Structures are given as C-alpha cells and as structure tokens.
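Chains here go by letter, A, B, C and D, matching the order in which they are written, and residues are numbered from 1 within each.
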C-alpha cells in the first residue's frame, strides 16, 4: 500500500500546492492513502510516523511545496539539520539544530529518484533530481521519517518530492515559476504508477 | 478581422512556443487569420506588413517566445533599436542600429495591455505587463509594424505579446520556467476573445 | 561642466548605493557638481531641471540604484510611462500614467552608452547596456530631464546610469548580487573621465 | 598549522576565482600552507589526503568556485554522491555514483560554519551558510577528505568554502553575480584569522 503525505499552507501562502494536488487526486485514487500534515517541526513527523506504524505501507511518499522551483524535484537526501528562515505554523523558528541528536548527518531517499525524474520527463513534465530539501519543515519531516523507518528496520521505501507553485499561486507574484494543476496531478499520478509497478 | 503572427524556431530551440500554440488554436479559430514569420530581421516585418495591406485587419497581435519568463507578457513598447546577442535565421547579428532611420525612439502598443493582463490573471493564467520586448527580431518586428501602421494612418490596433517556453521545451533545461500548452492556448484564447469584444 | 545627480534611499533600503558612492567621490572630484534628489515623482525632475537651467552643464549624468542587477548599466531609453510597484518617498504610487502628456513615447540617452560599457569592461568592472530603466522614479526623472533638454533645445548631453547594490547592502539579503564600493567608485570615475574626454 | 587547498580552472572558465585569490594571499600569508588541486574526481582527494598525512595540519580549508552565487558560502555538508553535469579535467563525467562505497550518506563540516558567516558579515562581506556543495568535484573532494580524517581518527578540523566569481570573470557574462578580488581576499583573510584564533 502507498501512503502519501502533503502539507497545509505555511508562511504567507493561502494555499499549499501539494494540498490542492492531493485533494484532487485522492478522489480518484482510492487505493492510495493520503494524509495532510501540519507545517510544524516534529509534530508533522509524529503524525506521519504514527500513521506508518498503524497502516504499515509498502511505500511512503512525502510531498511539499518548493516555491521558486520550476520543476518537480524528488529529493535525494534528508539532512539532520534545521535552519528555519521563517516561522512554522506553531511560531517556532529553530536555528542550527540537529533534528535527531546522535543521528547520522543524512539519509538517502530509498525511492528510485532517477527513475522518477526519467518517467516525468518522458511524460513531458519538467523534473530534476534535487540534492537539498532545504532546512525547514519539509526536510525535518523527511529526516524524521527516514530515521524512524531505519531505526525500526521497517521494509518501507520512503522519500520526499517537492512540487512547484501552481500557476494560480503566482498570479500576483508574476516572476515566480509555476506548474499547472493539470500537469502537477499528471506528475503525481506518474509517480504513483511508477511506485505501484504499473508504469 | 483579427490577424495573429507567430515565429518559427530560432537559436538552438527546435520549437517556438508560439508556433506550437498557434498550430493548435488555428484549427478551432477559423475566424482568426494566422501567419508564421521567419525569425529574420526586416524580412519578418516585410511579410507581415504586406499581409496587413492585403487583408486590412482590425487588430494585429504579434506573438513571440520569451524563454526565461514565467508569465504571458503583453509588451508596452516597441523600441527603435537592434542589439542582437545571437544570430537570426539568416545569420545576421546587427548591433547598435536603428530599425527605422529617422523613426521615433519608440511606439506604444495600441492593444489594451493592462486589460489583457487583468483578463489573463482573472482566468488563472500568470501574466504581467512588460516594458521591454528586447532588442532582437521580436522587438524589430513590433517596431516595424507599428511604424507602418502609423505612417500609413491605418486604423488598426496592434501590439506584441511574449509567451514563455512550453513545459515540453524545458525538460532538459530544468531550471527554466515554463507554461503548460493547455494554459498557453487558454491564454491566447482569452486575448482573442477580449480583442473580439466577446469577453 | 559635468552635473551628476543621485538619489536618497527609498523603499525599505536604509541606504541608496548612488548616495554612498557620490558622497565618497565628491570629496575628490571638486570639478564635478553633485546633487542629491528626493525619490519622489516629478519633484526629483523639478529639482534637477532647475539646477540645469541655473548651472548650464555640458553633461548631465543621472544615477540610480537597481537592486538585483549585477553590473553597472547605462540606460539606453527613457520611457514616457509610470507604473509604480512601491510608493515613492511622498507616498505616491501612480499606475499607467504618462510622465508628460503629449510627449513622445521615449527618448534615447545622448550619452555614449556603448562606449561607457566598453570603458568599464576594459577597466575590469561588470557593465552592460540596459534597455529598460524601469517604470518608477528613476525612469521618470530620466524622461523629464530628456524632455526638458530637448524642448528647450539645450546642447546638453544627458543620460541615466543604474548601479547595483553595494556589498554592504546585501549582507542580510545574501542572494542579491552586489558591487563593492571601491569598484563602484572606480566605475563612476571611469564614466566621469570618459565624459570629460580625459580617458 | 593551517592548510588551504584551491582548484585549477575547469569547464570553459579560463580562471578559477580560488586560484586567483590564493595566488595573491599566499605571498603575504607565509604561515599558511597552500596547495593547488586538479579539478579531477578522486585525484584531487588523493593529492590532498597525502599532503594532510605528510604535514599533519590542525585545520584544512578546501576552497572552490561556485559561479552564480553572490556570497562566500561555507558548506555545511559533504554528500556521498556524484552527479556530474560537465566533464572534469580528465574528461570524466560520472553520474549517480557514491564517492566512497559503504561510506555514510554525508559528513558535516567540522569548521565553525555559522561563526565564519558571522565574521564575514560583520566585516561587510556577503556570506551565507550553504547546505549543498553540489555533486561535482568540489563536493567529492570535501567528502573524501572528511572520510579520510574520520576513518583515520585525525584530530583535524576540516571544511569547504565556496567563493563567487571574481568581478573580472563576469565581464562577458554580465548577469552573473561576482565578488571583487579585494573583498574576496579580505574574506579569506578573515576566515584564516578566525581559524587561527586571532579574530
């Protein structure tokens, strides 16, 4: 079973592209379990790891919005580090802090990052491998989940994929790149199909 | 009657977004006349001004590709200047040259630039007013056509609109922003409807 | 005689790079007349045109800060248009307005724009020709002054040059490009020497 | 003792900013040992680790050029991954490859990254912490050296610092940000002083 997490809006954004995409796709993808996470350090990880324990998925795909990027970007690496430039949705803004004291510096994604990029590109959707998931809540969630899976020796594939702004989000921020909702949904569908082995 | 021009590919691009968009839209928009122009200094202008003389349109919308932009950008101003950074499709690369010796420094678009941006934005399509059409063939065509219309005292509205790369064009240039083909077609349709008074 | 104008800070910037540069350079360049202008629509132009009438300079170089640019950029064209994205220092934010009702769409700089770029480049200072001075106070001043000079048939060379942020201005805005104060002063000195014929 | 490495030029660049900076600074900094490295995968690491074994420094600072960045950027993390977009100086272009098979996903810098950024900023020099050293030779060297030091239980502080292009390198690439040679030298001097405890 495939478990996909997405985030609520954060910062000054009234929307989070991954929420809009997943709200659409979950109506037709009844085989996939979706969960919305709070954009809050640690709490997002606690919610998702609890759910992983409960539903025992084969694969976990965490989604997040990367405003300013022009392509869908599967993340290669989760970094054991927090350096928040803005507040999370509980008003926390931690700086220069490990996510897991004593944990390794980083975990690699166990999703087939290159294959995801190739499948998207073949499907006509801008995509590239990213080597930095940032140092905010997205990366912290990614690290917490990888650490949880590895510490507990679960046989679960997991990784993080960043999505650009949707076109509708940049109407008053016109220099920012965006990806159309239809293409974004198509992109997430391709990733799901790839992970389910139906691609 | 509405006359819309678009360009053939130039530089290293195998496609020109405006050609792809117009090839699609002209199948359903039989009321609009389309013309493909060579990406060549002066020749593009000669072809279009001849056609204007012949068909006497109410409105002329010139389209061009602006790789690197994230939004549809109606141009406010045509500048009497050429500063080519790359060769046109005849191998010409003129620098520091007026387009029309003795012509005014610039012409303003006579299209309702602000209204176009508002209609696109309202339609959920990233758009903004641009105040520089560059100094390559796009701007030269724009200036030549405005000069021709004004010199001949035609009662024709005319202007230039730049379109971003299509998503399919940035698959191997992943940092570049793009606009989906469907959204681009939708955008051009909105502009046509606005100019035809049906919006 | 050479007259150089620069601007006071505007927006959220506590400094204006052109003020810092000119404050330094005017101590050693006693042959050049400097004037600080308010970053206010029309008022900046009124102050400068009054001074031009009074001192009758051979050459007027208007300076302004272009945050986000990486090079010194002599402007090729002054556009008869205002589209303010932020407020000026009197709280004005005019949109879609001509600077001079009935004036031509644009004036070209009468400074040797290409030669300035070549002199700076030869001197090891990043420079390029710019074809858009924006649609805020800088461009409005530029247009007002060109219009005044041409309307009054003065034999005065005039133009506008944008300078990047100084390095000190981007310390907490670290992605923004900047130019060192020493290089900026060197750059302005080269422009002065070129205009005085001593280069 | 402090050991500083820098790189020879690579790609289409005739210069490497770190070579120019170190060539200048090593004339006056006789207390610091400098070494130029080939921009070649593995070979760069072999040269530097041999030298570390030989001279047994207290601190190793590896320098590299990051064209496109506007600030001096101490790197937080060395990633066990290669994804070369261009060829190194031996014509190698490895993709999707670990640097050390069986090594950890990443090592953190053992330099005081935040303190370096604060010292530079206080000194008026644009600086920020970077969380990705890329996936080319710079990152590979950084990882190899960290792995060597930790595997051999050396008590050596080590890390990597990226420098922008010098102003002289962007004269024909005018949109690229740059840092003046004087400021770059000043920046490296501040880092040296900080590591020597004299700041």
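Please note the rule applied: contacts are C-beta pairs under 8 Å (C-beta built on N, C-alpha and C of every residue); 3 or more make two chains touch, one makes a residue touch a chain.
The structure displayed is predicted, hence computed values, not measured ones.
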Interchain centroid distance [CA atoms averaged], chain B/chain D, Å: 46
Rounded Å distance, chain B centre to chain C centre (Cα mean): 31
For chain C paired with chain D, centre-to-centre distance based on mean C-alpha positions, whole Å: 38
Where chain A touches two or more other chains, by residue: none
Topology of the chain contact graph, where touching chains are joined (line, ring, star, complete, other): ring
Chain-chain contacts as defined at top: A-B, A-D, B-C, C-D
Interfacial residue positions of chain A with respect to chain D in the complex: 76-77, 79, 81, 83, 96, 104-108, 114, 129, 131-132, 134-135
Chain B residues touching chain A - in the complex, by the definition given at the top: 70-71, 121, 124-128, 167-168, 170-172, 174-180, 182-183
